[in-house]
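Input: one structure, supplied below.
Labels A, B and C are assigned to the chains in the order they are written; within every chain, residues are numbered from 1.
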Amino acid sequence: MSLLILENVTKRFGGLVAVDQVSLEIKHGEFVGIVGPNGSGKTTLFNVINGVFFPEEGRVIFEGLDITTLPPYKRAPLGIGRTFQIPRPFASATVRENVAVGAMFGTLSGKVNVDESLEIADQTIERVGLKEHRNKQAGTLTPVEKKLMEIARALAMKPKLLLMDEAMAGMHPNDIDQMVAFIKQVAEEDKIAIVAMVEHIMRAVVGMAEKVIVLHQGAKLVDAPTKEALEDPKVVEVYLGRPSEK
Amino acid sequence: MKKESTKYYPLIPVFAAYLVLFLIGRNVPGMWQLVAMLLFYCALGQAFNIFLGMTGYVDFGYVAFMGVGTYGMALAITKLAHIEGLGIAIIIIGFVMALFMATLLSLAVGAVALRLRGAYFAIATIGVNEGLRFFIEGARIWNGSEGLIFTAQLNQILGRETASTLMTFWADIMVLIIAVSAAFITLYYIRSKIGYALTALREDEDAAKVMGINVTKYKIIAFVTSACFAGLLGAASWALKTPYVFPPEVFEIHYTIEAIIIVLLGGSGTLLGPVVGGLIYGISKYYLSIFIPGFQLLIFAPIIIIIIVLFPEGVVGMLKNRFKDSALAQFII
Amino acid sequence: MLLEQLIGNLIQGLVLGAVYGMATMGLSLIFGVLKVVNVGHGAFIMVGAFITLWLFNALGINPILAVPVAFIVGMGLGLLFYYTIMQRLIKAPELATLLVTFAIGILLEETVKLIFGSEFRGYNWAVGKINLGITVLPMTKIYACIGSVVIALLLYLWFNKTRAGSAMRSVVEDSEGARVCGVNVGGTYALSFALGLGLTVASGVLLTMFIPVGINPYMGGGYTLKAFVIAVLGGLASPYGAFFGGLIFGLIENGSYTLFALIPGVEPFALTRFLSFAMLLVILLIRPTGLLRAK
């Protein structure tokens, strides 16, 4: 059974079509890159998947369950985690408390108590390498640390699917390599399917992906294994004058 | 992992403050009136903090819950006064009525208004408060703008002597009990899932939803809890201390503002904050009105502005940061 | 007979509504641009009322000429409060700005009380009246109504024909976008706050032309609440919406009073107030963009 299926999903804002008849399929444990320039509907697509917006048309199916109109707080415990383009920590709470929130509310059993959550938080924080910052207020972290904290917060939810919105934006190239390697490793260990969204065809991200989906003006342009996708003439056309990074 | 006993350490400074207040009031002649006022402000701050401080939503119509609480007590006394032999039980019925009416109103308002955010929520709650007041006056409910006066009934049921001690002493003790209970509930919330959920939604409601938090549920929990304490406070401090109720008085927006100032002054969302805020506010109000009667607000307004601009975290917020890494930290939250 | 009375009251309501609308434009402008609800709104109206009173009683200056004076004073207060206080709170939570604007309101009220005392005052500007048959309109009310319409039109022209005006509109739409497009967002905030308060203080002058007695440092509170209802009718963030909201409010206030007065055993005045707050709630819940959905 597929982990996530979108069937002809359309989301409009007034007269504007942000996501246009998109269908896609994500398998368990898969690493998928979604590529598209700014305004191509990537973030809206994420918002449809985790329930911030409901689509006007089409269906969203997660592990065989139709979740098209399920509110976001009910989707998270099913196993959909998310990080944001611009990190959104709970600023006044500590890193530990932030991550504990993920464990407390984002897991399926829903019976994780506060102490257990804090324990899970400690383990997860250690995993992402933020141990010495765990009692800092999340608002005081550096941007890269905030991104790591968001990843920890999402991992604490024990997700089956992790949506990463521009996880590498604004990072130093060396850090990106490290981060991608880390995410890849975590995904394999925890059997998490990762959908990473990037604006450009980034070598680091796309290179890791098993599959690439290219969005253009809200519609799906290409959906193919990475190697094929990168050679597709339509992709070359969209990214004309903006060659993929070498 | 925290040991069970240390979890309750933060209550120590709160209860110490109340104990000192009580002892001063009982032992220093002429101080009970000031102590009663301070207890009221601390209780008000603690009650409001559970919603305002923990969720960050500004309920500008908070006083409405005190208003209906006052009416709850007033209605119990005026409607049941004819029943023989009720005695002190009528007061208990009054509190139950107050609790019931505050719960009902807060569920109704919460279910609809909590869908709004920020300024829209604040304005909607002003609308609820004013609308309720003018509905009572306009439709002449509960005697409309003439209000309910029930001194005579209190005297008749309890006897003049008991009624008088009730007004001047026991009502204040009830306020103290409300304040202490509110402190317990606040700490319980802070330490439980509820507190984590409220912090998350206060900081970023949409992110909180995506993390699996049913934000509506937790907002309503905080809203109703806070409203219930307000209802009890209205019943104890307003209805019993001054046995009458007039719509323009019990729906007066200035009380909401006072509550906001107390919470902010002390440190919003903290346990100790509202107590510190209540003490500072009450003491300065009391002495300013003695030394510069009629112009205390002229002094207060700029102080409020300065505090908001320069010390938005409040007194306890600052202390918390200052003593973050010391042994004192476990007492201050 | 009743119909005549109703129509007469509706005419009165429309004339008053124009002034109400103008008195709310500043509130909406400030909310639209800065996302700040000025809870001290009524206190600025009060300042305008006292300027009129003082100019008329002490210097014998015509209330119409008090309008520009009040506008300039309001702008000055706006710049003063913006650069000393509001500027630091642009990114602060609502709680901070709500409380600060309330405190500014108190500060104004208490300062005026210190200078003029707290008793009710008034002035008497006798310029005659017009008899319409079903109702009588004093000229002062007509002047106030015309003044409101003129100011609303000037604001409309300023918004649409000047650079600063269009900068302001772009900030209302999307402050980040405006910043990217080279709009001086900080300056626009300051100007909007000043303009909003200028309009509000000027509206205080016009309101006294309507009700020339009853000037008192605490007269503003009722206007703040009315302005909230009117602003919500117009969509909260739109000054023109507010103007039309004022017209609607004036009609409903006067019309409903006439009808409530027919019901025995109620207090019609309180019911009118209840109706306005009930409207506020209903509109916030079902149509938060306002009745007109105007930009």
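The working rule: a residue touches a chain if its C-beta (ideal position, glycine included) is under 8 Å from a C-beta of that chain, and two chains touch if they have at least 3 such contacts.
Owing to the predicted nature of the structure, the values given are computational and were not obtained by experimental measurement.
For chain pairs A-B and B-C, the one joined by more C-beta pairs in contact is B-C. At the far end from subunit A, in terms of centres built from Cα atoms, lies C. Averaged C-alpha coordinates give centres for subunit A and subunit C that are 48 Å from one another. Annotation: 43 Å between the Cα-based centres of subunit A and subunit B. Separation between the centroids of subunit B and subunit C, computed from CA atoms only, is 33 Å.
Within the complex, the subunit C residues that touch subunit B are 31, 35-37, 85, 88-89, 92-96, 98-100, 102-104, 106-107, 109-111, 113-114, 221, 225, 228-229, 232, 236, 260, 265-274, 277-278, 280-281, 284-285, 288. Subunit B contributes residues 52, 56, 58, 60, 112-113, 115-116, 118-120, 122-124, 126-128, 130-131, 134-135, 137-140, 144-145, 253, 257, 260-261, 264, 268, 295, 297-298, 300-302, 304-305, 308-309, 312 to its touches with subunit C in the complex. If you check the complex, the residues on subunit A that touch subunit B are 50-52, 71-77, 82, 84, 88-93, 97, 100-102, 104-107, 113-115, 117-119, 153, 157.
Taken together, the subunit B residues at the contact with subunit A in this complex read 1-2, 191-193, 196-197, 199-200, 202-204, 206-215, 269.
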